[in-house]
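See the structures that follow.
You will see two complexes here that share chain A, one where it goes with chain B and one where it goes with chain C.
Showing the complex of A and B:
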């Protein structure tokens, strides 16, 4: 159903549903950019629509909301363990179509990638509703159209912001709040149909690509900082940490914390052997996972084309350009 | 020719080795100049000088080869520079057509700062302009420079007052993925103030120099910056007698404290300068009065804030050119 709002009336909707939901959205944090006198845009709790950053792509992705960077799984002492209590409020995430599509990828990894569902993830994921914010132009480095992630139809609400008016298409049982404060209006979601950056995804990847010398360039250029993976909405790797509290070694906690295949140590095993010491090999592993290996298993590509990896690489390594190189090579090899 | 050389010098001209010829020194506070002023400088050099400029170490321009009798005309020609650079930031120039009103306190220089440099903890040029407004015009011989981080590209350590931008890193352990990048880097390029314990990072504040490198290196923004802070290094100098690099006087203080200390220093100079000499650099005054007197007088009414610290004593050291020691 379609509705129209002013900023004020839309905020009233949010106020009404805030009894049962926490809102997360891209938010500009002044002065918290890495460089002095710069801001960072990151997913955080918001109270009103005015706090949402609409003009700049967020540096970090909304995966943080349901895949926390540091998550305590349980606390232990000599006698047993307890899991942390969870908040029972629902979660509404305001995000762009590419990011909305990323949750499906996270679901595959955490819920469908083996005999067990990840219960910690599931307990957060279950509570999520997705409010898609319409993209009209996209941002620098976006290539969602090439990935087919420019569209997202499975939203709970779709939001268009134009000249201080908010129009929504709402599908959910939250309707009463929308009915109460909005005026009913025609609303058909639109999705962008073209990005400045276009990426060709190879259908077939010949084995020779895996050992091709194209990766060598990245061995020299990449500094293994991991920025490209921590900002990626579809990277899910984590590591486990058992912590023994410093002033009482009999108590502690088990945490899981994000990890990155680009950072030193990721493939190091007991005894010191390292499966992918070379940065070019890491780049190959990451790229192929995003556009090939995941697809072999789940039938569609992992990468949603948000372009954040390109936005943040301090060495100006472009992932989209890398994929286009792989495609060109594949065409050459496959004839 | 009858020239009052004292007035000429005060007017930012120089007595040169060529009799009757002078050179004009143009101030560029913060070393940041709108290129439209190149046209004025070019006109002065072509119409009155020898068609060349010397770029000074203090980031000013020196226009040589000017006949002394042309000084009034040159002064009228540079009025737009005085107006656009000096009065624009609030410096009071008594008469825009009479040139610079003082030359003792030198151009306040600055590194390129955060308008360009990723390492910068502040906009060095803007701070330089604030200082220019505070201290110019002034006849006391003082050199000040502002640098955005402890890399000290402007060589603040060679100044009477060197201002170094600091960042206070604040840590959000939730965002830290334990990659170790900040720890390794702090050890490699800074002071080894960081260590890992229980997979998270600890910062030893007494070792930290606020360079901000950890903030730059962190992939997840676990380190971010809080308010800007400053370190003040003092009484660095070149010169014939006792060249030395500046020593740390204050650290982790706010901008207001820096400004107040600078203003107080002029009062300190006024209180102690040896008026029997043609001029006396502030560093030599400190050599005479001793650091404790300097410290006491420049800290009058200064709020050091919660983190601010003052050096208890300073050994300026430096170097005396004792030929007998070197050559026997």
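Showing the complex of A and C:
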């Protein structure tokens, strides 16, 4: 159902539903950017629509809302262990269509890969409602259209912001607050149909490409900082970590923390053997996961084309370029 | 919603040093495992690690653990009556049904013997259906030899050749040299009816494989067990993945025809 609001009336909607929900949205944090005097846009809790950053792509993705950077799995004491308590409030995430599509990818790994569901992820995920913010032109480095993630129809609300007016298409049980504060309006979601950056995805990637010299460029340029995976809305890897408390060694926690296949140590085992020591190999591993082997497993590509990996790379390595190279080579090899 | 990361407490029935740095721990548990599977073992506040089940029976499992770092150092301080936490078992294990009626050759390098030990034990109990078993094992020095007591008993039923890279004692009764030498000397009677398991460090696996191929073994009859870094054992953490293959889910045991396709 469609509704129209002023900023004020939309904030009243948020106020009403805030009794049952926490809102996360991109927010501008002044002075915390990569260079002094620059800002950074990150996902954080917001109270009103005015706090949401609409003009710039967020540096980090919304995945951290349900897949925290550090997450305690167990608290240990002398008698055994307990699991952390969970909050009952629902979660509303304001995000763009690409990010909205990323949750389905996270679901595949945490819920559908292997015989078990990740219960920590599931308990957060089931509380999430997605409020999609319309994109009218996309940002720098975006290539969602190539990935087919420019569209997202499974939203709980779709929001268009134009000249101090907010129009929404709303589904589901949140309707009363929208009915109360808005006026009924015609609203049909629009999605962008072209990005400046276009990426060709290879159908088949021949094994010869795995060891092709194209990867050598990345061996030389990449510094294994892992920024590209930290900002990626679909990267899910983690490492387990046990700690004990300084003031009481008998108590402690088991946590998981984000890990990156681009960083040293990801594949290193006892005895010091590292299965993927070279940065070019790591780039190939990451790229294949994003545009090839995830698809073989789940039927569609993992990458949602948000372009964040390109936004943050200190060495100006372009992932979209890399994929285009793989595609060109694949066409050569496969004929 | 059940929590797949929850472990349960299992008490230590016995601890048996195999070498200075490898101890075998027997735990009381009803866990149903098959040869080649692994469990996630942990000590709260210290850490968790994947460890192969080296043997199992009614009400117990054994693991042979090398002291290699943070967690395994602390495990080595544990004594009978204490307990460890475990979850699992995980992984596919060896295709025991395929081995029925066949001759099986196991080539094991160092601690690679742990994940196959239960195959040898159950063969000795006559419960595998395997026709004939040969074990080739290679260790660095005589002091590194695992499962000595068992090996002396296994001699009755199976053919065993043990070699050390370097005999620093001067009175090692077995052979010296690499395990590939043992394979080279083998006379494999019935190639079609022979299955081969190779377990050990990556380099040892590769060269042993090439040696078996020279003997005329088909790669479809060769099985290997992979070790990769693992943080979850259940297809979530991503560390064990090679291309699109999760070693914790689709492995750790692979047929060589599949294994050779995997590019780290």
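Here is the rule we use: the second predicted complex is superposed on the first by the 335 of 335 C-alpha atoms of A that agree within 3 Å, B and C clash if a C-alpha of one lies under 4 Å from a C-alpha of the other, contacts with A are read in each partner's own complex, and residues count from 1 in each chain.
We take it that contacts are C-beta pairs under 8 Å (C-beta built on N, C-alpha and C of every residue); 3 or more make two chains touch, one makes a residue touch a chain.
In this text the structure is predicted, and so the values were computed from the model without any measurement.
**Student:** Could you look at A:31 and tell me whether it touches chain B, chain C, both or neither (first, second, both, neither)?
**Tutor:** It touches chain B, and chain C stays clear.
**Student:** When both complexes are superposed, which of chain B and chain C contacts more residues belonging to chain A?
**Tutor:** C
**Student:** Could you say whether A:230 touches chain B, chain C, both of them, or neither, answering first, second, both or neither?
**Tutor:** First partner only, chain B.
**Student:** Based on the superposed arrangement, let me know which partner A:60 touches: chain B (first), chain C (second), both, or neither?
**Tutor:** first
**Student:** Is A:267 touching anything from chain B or chain C once the two structures are fitted on A? First, second, both or neither.
**Tutor:** second
**Student:** Just chain B (first), just chain C (second), both, or neither: which does A:254 touch?
**Tutor:** second
**Student:** In the superposed arrangement, which partner chain does A:42 touch: chain B (first), chain C (second), both, or neither?
**Tutor:** After superposition on chain A, A:42 lies in contact with chain B alone.
**Student:** One more residue to check, A:69. First (chain B), second (chain C), both or neither?
**Tutor:** first
**Student:** Touch check for A:81: first (chain B), second (chain C), both, or neither?
**Tutor:** second
**Student:** Where does A:243 make contact in the superposed view: on chain B (first), on chain C (second), on both, or on neither?
**Tutor:** both
**Student:** For chain A, what residues appear in both contact lists, the one with chain B and the one with chain C?
**Tutor:** Touching chain B and chain C on chain A: residues 239, 241, 243-244, 259.
**Student:** For chain B, which residues count as touching chain A in their complex?
**Tutor:** Interface residues on chain B, with respect to chain A: 114, 118, 120-123, 148, 165, 167, 173-179, 181, 197-199, 212, 215-221, 224-225, 228.
**Student:** Provide the residue numbers of chain A that touch chain B in the complex, in ascending order.
**Tutor:** 31-32, 34-37, 40, 42, 59-60, 68-70, 225-227, 230, 239, 241, 243-244, 246, 255, 257-260, 263
**Student:** Going by the contact rule at the top, pick out the chain A residues touching chain C in the complex.
**Tutor:** Within the complex, chain A touches chain C at residues 73-74, 76, 80-81, 83, 109-110, 113-120, 122-123, 207, 210-211, 236-244, 249-254, 256, 259, 261, 266-271, 273, 275-276, 281, 285, 288-289, 292-294, 296-297.
**Student:** Of all residues in chain C, which touch chain A in the complex?
**Tutor:** Against chain A, chain C makes touches at 1-6, 9, 42-48, 66, 68-69, 72, 201-202, 227-229, 231-232, 234-239, 241-244, 246, 248-249, 261, 263-264.
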